[in-house]
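Look for chain A in each of the two complexes below; its partner is chain B in the first and chain C in the second.
Here is the complex of A and B:
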């Protein structure tokens, strides 16, 4: 006898923040890929009105206009879209403390944003409050004798550099995109071509003022509240909000830049590793056009270092100068006429890019006097775009070359044109700071990173296409046991895969202890 | 006349595709209403075996699946192809086992998790695109009208899409339709591995003949051209299963039927809507190999939602954005039917060519011969030349021809 099926409603229960429900499909389902919800459900606004009232009573105004909220709808990655219930532009540490205390009480998620240069939706709010730190963007104190600067955390790096420059001073290492905020950078790392020598930006911090997730204001450094100091630095915004930072700085020097060109990516990487490990240059990194024109750049603060490099290390580099490289590349394409489109692309890139890397108005006696212009503006003009798609792998020295070569193949599969950016990261901080961060656990002395950046060239790609590309890069990290610079948000499922449940659960327990309602940057890591 | 409701986007349907559209739009803070013709949860006939790619989408966007949305067995390890010449090819899915969805509840779970407002028991009737907005009329079962106004309308209402019918009046008669019937039988003795989805390349049984276990019953499903006597084919299949595999089944205690717009993804004849009205999911023609439409429905639905967001944010024509973005899903879906990709690429989530390569030359020849015989009856649809040309174009340009899309 046939039965007539009549569906009955079922309960749809949402897991709490940080909770991963069991996999009911099978223990081995989705081998090697995340089992975690990475595009969080929109927070439904329970307690929002009482939270806003509480803030108003504390003298903090929340902007709930749609026109204000939509400004924060996405981040530089342009893939995740969310909308906060309201926005507050932070003006002081006390305001931030008031917000977090109230948020903890009313269990309202708070998503913090500086430059908004995340690429995986880490600074995108899926409901709750968006806290814009750019209202705290002052330089508070420059101490030229101690070579330190104290600034508010919402300041952009280029603004900070500008203030320092006027006093003949300079930052140590900053992220390549200088419209990052200082606070955001210290929370994730901050890596540029200084980093093989000077470490990441987070390691330049001497002291911080932070607001804990329960609204307590703390000063911290290696000597004062060191647990908080090392949890907030490279902590991806999980353990507190940095409101002020004291950073190491140095005297300003113009720099001399040299480029060496390779047709072989592996050779270039081997040479980068050698230059980094031998401390042969002051600045070093690799930027490529596809994997055909690979550019190892080195730069120097002083003539002595430059001379020493050319005497001792240049003969060991296998890269060519521009003329010889052009000749060999020309021969390569003459023998492969069917690749004429690729040759034209490279030629066009060379014609437009190289002058921008040596702008005459920023050169004096052939030395670059404003590296922020060259490294930030020029690099982002030619390698970045409106939408930043930059999956990456951060590896130990032993895994670096294989990881980049495998990532390069993924780039070739998904996009006609792309670039790679490879750089070393000197490890100068205490080991506990690097736990569950972009620094891979097996790295010693110097870690290496590579960003894989497709040239979108104005085309509109689906999120799925871009996400599939990123996932394939991240899968390499799972298979090889690396880490990632872009670490959370939509790729957070990889965190447990790479670091293992034990370490992630340890940090989750710490997070729950300091942030009982899990309100601060809720969906970024856990 | 009822009061007109306004929203940023109206979604027609409340299936997986609609849930994916809704997920994107609700996350981004757009006021979105989904119209569903049946009261939720509604019954949905489907084999329920989703591809690992679809599983991943579900987890990443809605979270790990609760057991209430899964059938028993909860998972499927892979697929076994059977050829009349006696060759069996069992293949595990890439990436591990994949869910056996109870579509009635999985769709309900996904649409609820999306956070969208659902107006169920309300049938889409018509839409008028005014350029600046779209007016929608929906009717309840008492023929009472509900009026809506939205910037965009997204049709995610399955193969028999009312939105597609409204946009392209002659479309229904211009394409091939297939009926799929699945019968659930009591199991007396079934040697077929319950962890696998079983598919027969047998022209005498049907275009789409499969079996798998569900809740202590064995499903026997047959798909053929609409209008065919499927009862007779079903009986033939039962006899074949008993003779060839020793499958002994009791009487059927549940029958489920669906009608599908099969063939559009083979020949790159998708339907993506006009103006401010988008069409997505199976309504647009997405259907993967062995008729798995869920993963393509989820991904194309998400793309439709993202296109609407991009259009809102950039004040750009939504069709242009959607057609540009959807190309990646067209590639994924049509690649599964593309002979060049099957022979020289890896378009599926199970390794057919790799499995075949391990077999003897004799077995390979049997598979080749049986596949040719299986495909022969399809000749009446005149798809072969179109498929071949699309395959060549894909190799030459890297894409399928967007001019063939409606």
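Here is the complex of A and C:
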């Protein structure tokens, strides 16, 4: 049941942690869509000075210059804006521990940021301290025989890849965006096109060094402090800060890539599910131009796997090769001349995008070298911008197709051009790790996700237009009982509606126990 | 930011081009930009990756100029004006720069490889490049004197990347301006001389400023010879930092050349260093015991 929201006076004082106050912004701007205030009120700064003095006594300098603080005023989403009172660039686990101990004592909120690629303001401080983890970016140890790497958590995946490549090694999977940090990614999940085989990035972690919200330094893994391990992984920075991580790695391989084109989104999704569940390829995902040119991409680390795919699975795929697809699409638009603008858009997009996915300087013997660089460059070039609008849904297999088809309708309604990016996520961790996370509770074996990304193309859309679009996508999640890749920050109002009070209260109680003053990433989830 | 040596060594966003751009967009005061403008070594590694396609080197140079003018930035040091001994006019001119002139045998080898068609200019404009890099105003008359013979040329080869970029902008598309490395690599003798166990150090300012144009030339050289190169995964050239005014003038520098060299060698079993610019060579000589040669010296007879 949807209820109309009644305007409320603006709350001057920040409400207690864990309490979501009513929205005070443009209450009638989203008719029919109930909203709650999710952009937190600014923390008023009580105790800040004694906190800073305490840190100085511990040998930790806080940068309070306005210029330093403005660097953190928003995240990749570009919708939430806020300023911290001060900034510290973390340089060691001990510094992080000192900060959290003092923050707990002085009740000062601490917002942790890695790459800051969140889109709902999760890494934006509304007062308090901003802790930039990227100062901890060293690779500490590469063990080529055990295929593991130990690194500091603020390191970008790109920098990690650079070090690993010098030894002929590579990480397993990471977001297709190399300016995300290892710690931030382990905290939210991390999905790659090999996730249907290898799981999310968080599941690559073998051991962590964390700092608890009260400033204790702990080592944790499946065998050592497993409760902490499973709470911090996929935990949105609620239960601790990751300062070091030991990850699984693998030998580096160039890949071969193939694209199959569909006009029918549903068919393509069915085929994606089939190749994912039957482990037919090493990498697989769907990338679309609107819902007209749907591209199922598959890629392989080895020739054997590639050959096997073409022998066993290719005959079952309903997608076409490029030439045949161009012909059918051409026919489609010839019969619908009034849609010539759409046809032109697709043609132009194909002309610019496809070469960017196969740049000649990254090709050797027709294999792509450094696919992560190729993809992340293309992601920024073709989908990036000052404002990233990428609401998503993460579902079980049974709900995947309906959720994407419904989301697709929402995209069509709000934007002339958009992309859908779908991929599977193998569940290889223990169930309790996935509780209250991007992995939907009803998923078994492989979960599926879809990002819905409008092409803003330099046009200015009102904040409410964008928010209304995102809310409509998120509402599908509520109605269908899915989860979201990213569900913190401004969309935290959805958390209770999606996961239910019982589960959220269970986690809130755990949070209160380990973080009595609720200082760590306080407005992200609770 | 990913390839920026200042970022890699400091992990402080405000000191990078990306940080400066954000600070400016956020309305930062000029004095808040001084430290960052001074930290940059103008290697150009941010340029190929800039999501907004900015001419980042030019942006930093003009920021430095502005800051120096307002007394907010200390000039790194002054360079004495290059001595001119008349003017050389030719269709193809070579500006070797002072360092190469000080190494006569290497210079002669370069000239031999470039051929008789290319004449060595009398004036390298080294002082102009230095002033440009430090943000000092360039005297109009001096600039005009320097440019006069260059305007008649169809082709200019310069060993200093800053000069290559500067002249390309000033002289426009009619004059083909190239780096010494690209010109020497046209010689099969030179290409043949590069071995699988070499670490080839590309002069970064020219390469990064024109990466789109040059990347395939170097990538195919790498594939053919199997040598190591100072290219990162993005195919952006990683600098040693030795070309920067801060290093040349012994000025306090954020980017440690020693750390850069250590990183360039990490995990690479290089047996010899081949450099396109002698300043890089000198830095390798200082910090390693590996043999170092200029690209011109590898040419096989």
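The rule we apply is simple: the second predicted complex is superposed on the first by the 494 of 526 C-alpha atoms of A that agree within 3 Å, B and C clash if a C-alpha of one lies under 4 Å from a C-alpha of the other, contacts with A are read in each partner's own complex, and residues count from 1 in each chain.
Everything below uses one rule, namely that contacts are C-beta pairs under 8 Å (C-beta built on N, C-alpha and C of every residue); 3 or more make two chains touch, one makes a residue touch a chain.
Since the structure is predicted, the reported quantities are computational estimates derived from the model, not experimental observations.
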**OP:** Have a look at where A:159 lands relative to chain B and chain C in the superposition and call it first, second, both or neither.
**Re:** second
**OP:** May I ask you to decide whether A:73 touches chain B, chain C, both, or neither, giving the answer as first, second, both or neither?
**Re:** both
**OP:** Considering only touches as defined above, state whether A:364 meets chain B (first), chain C (second), both or neither.
**Re:** second
**OP:** Scan A:179 for contacts with chain B and chain C and give back first, second, both or neither.
**Re:** second
Original post:
Looking at chain A, does chain C or chain B touch more of its residues?
Top reply: B
Original post:
Looking at the overlay, does A:135 come into contact with chain B only (first), chain C only (second), both, or neither?
Top reply: second
Subject >> Which superposed partner A:309 touches (first chain B, second chain C, both, neither) >> reply: neither
Subject >> Residues of chain A at both interfaces, chain B in one complex, chain C in the other >> reply: 70, 73
Original post:
Where on chain B does chain A make contact in their complex?
Top reply: 23-24, 26-29, 40-43, 52, 55-56, 59-70, 74-75, 77, 95-99, 104-105, 108-109, 112-115, 252-255, 299, 302-303, 306, 309-310, 313, 321, 324-329
**OP:** State the interface residues of chain A toward chain B in the complex, per the touch definition above.
**Re:** 1-3, 5-15, 20-26, 28-42, 44, 69-70, 73-74, 80-83, 126, 459-465, 468, 490, 493
Subject >> Touch list for chain A against partner chain C, complex >> reply: 65-68, 70-71, 73, 89, 132, 134-135, 137, 154, 156, 158-159, 161-163, 165-167, 178-179, 360-362, 364, 370, 372-373, 377, 380-381, 384
Subject >> Sites on chain C touched by chain A in the complex >> reply: 1-2, 8, 11-14, 19, 22-23, 26-29, 32, 49, 51, 215-216, 219, 223, 232-235, 266-268
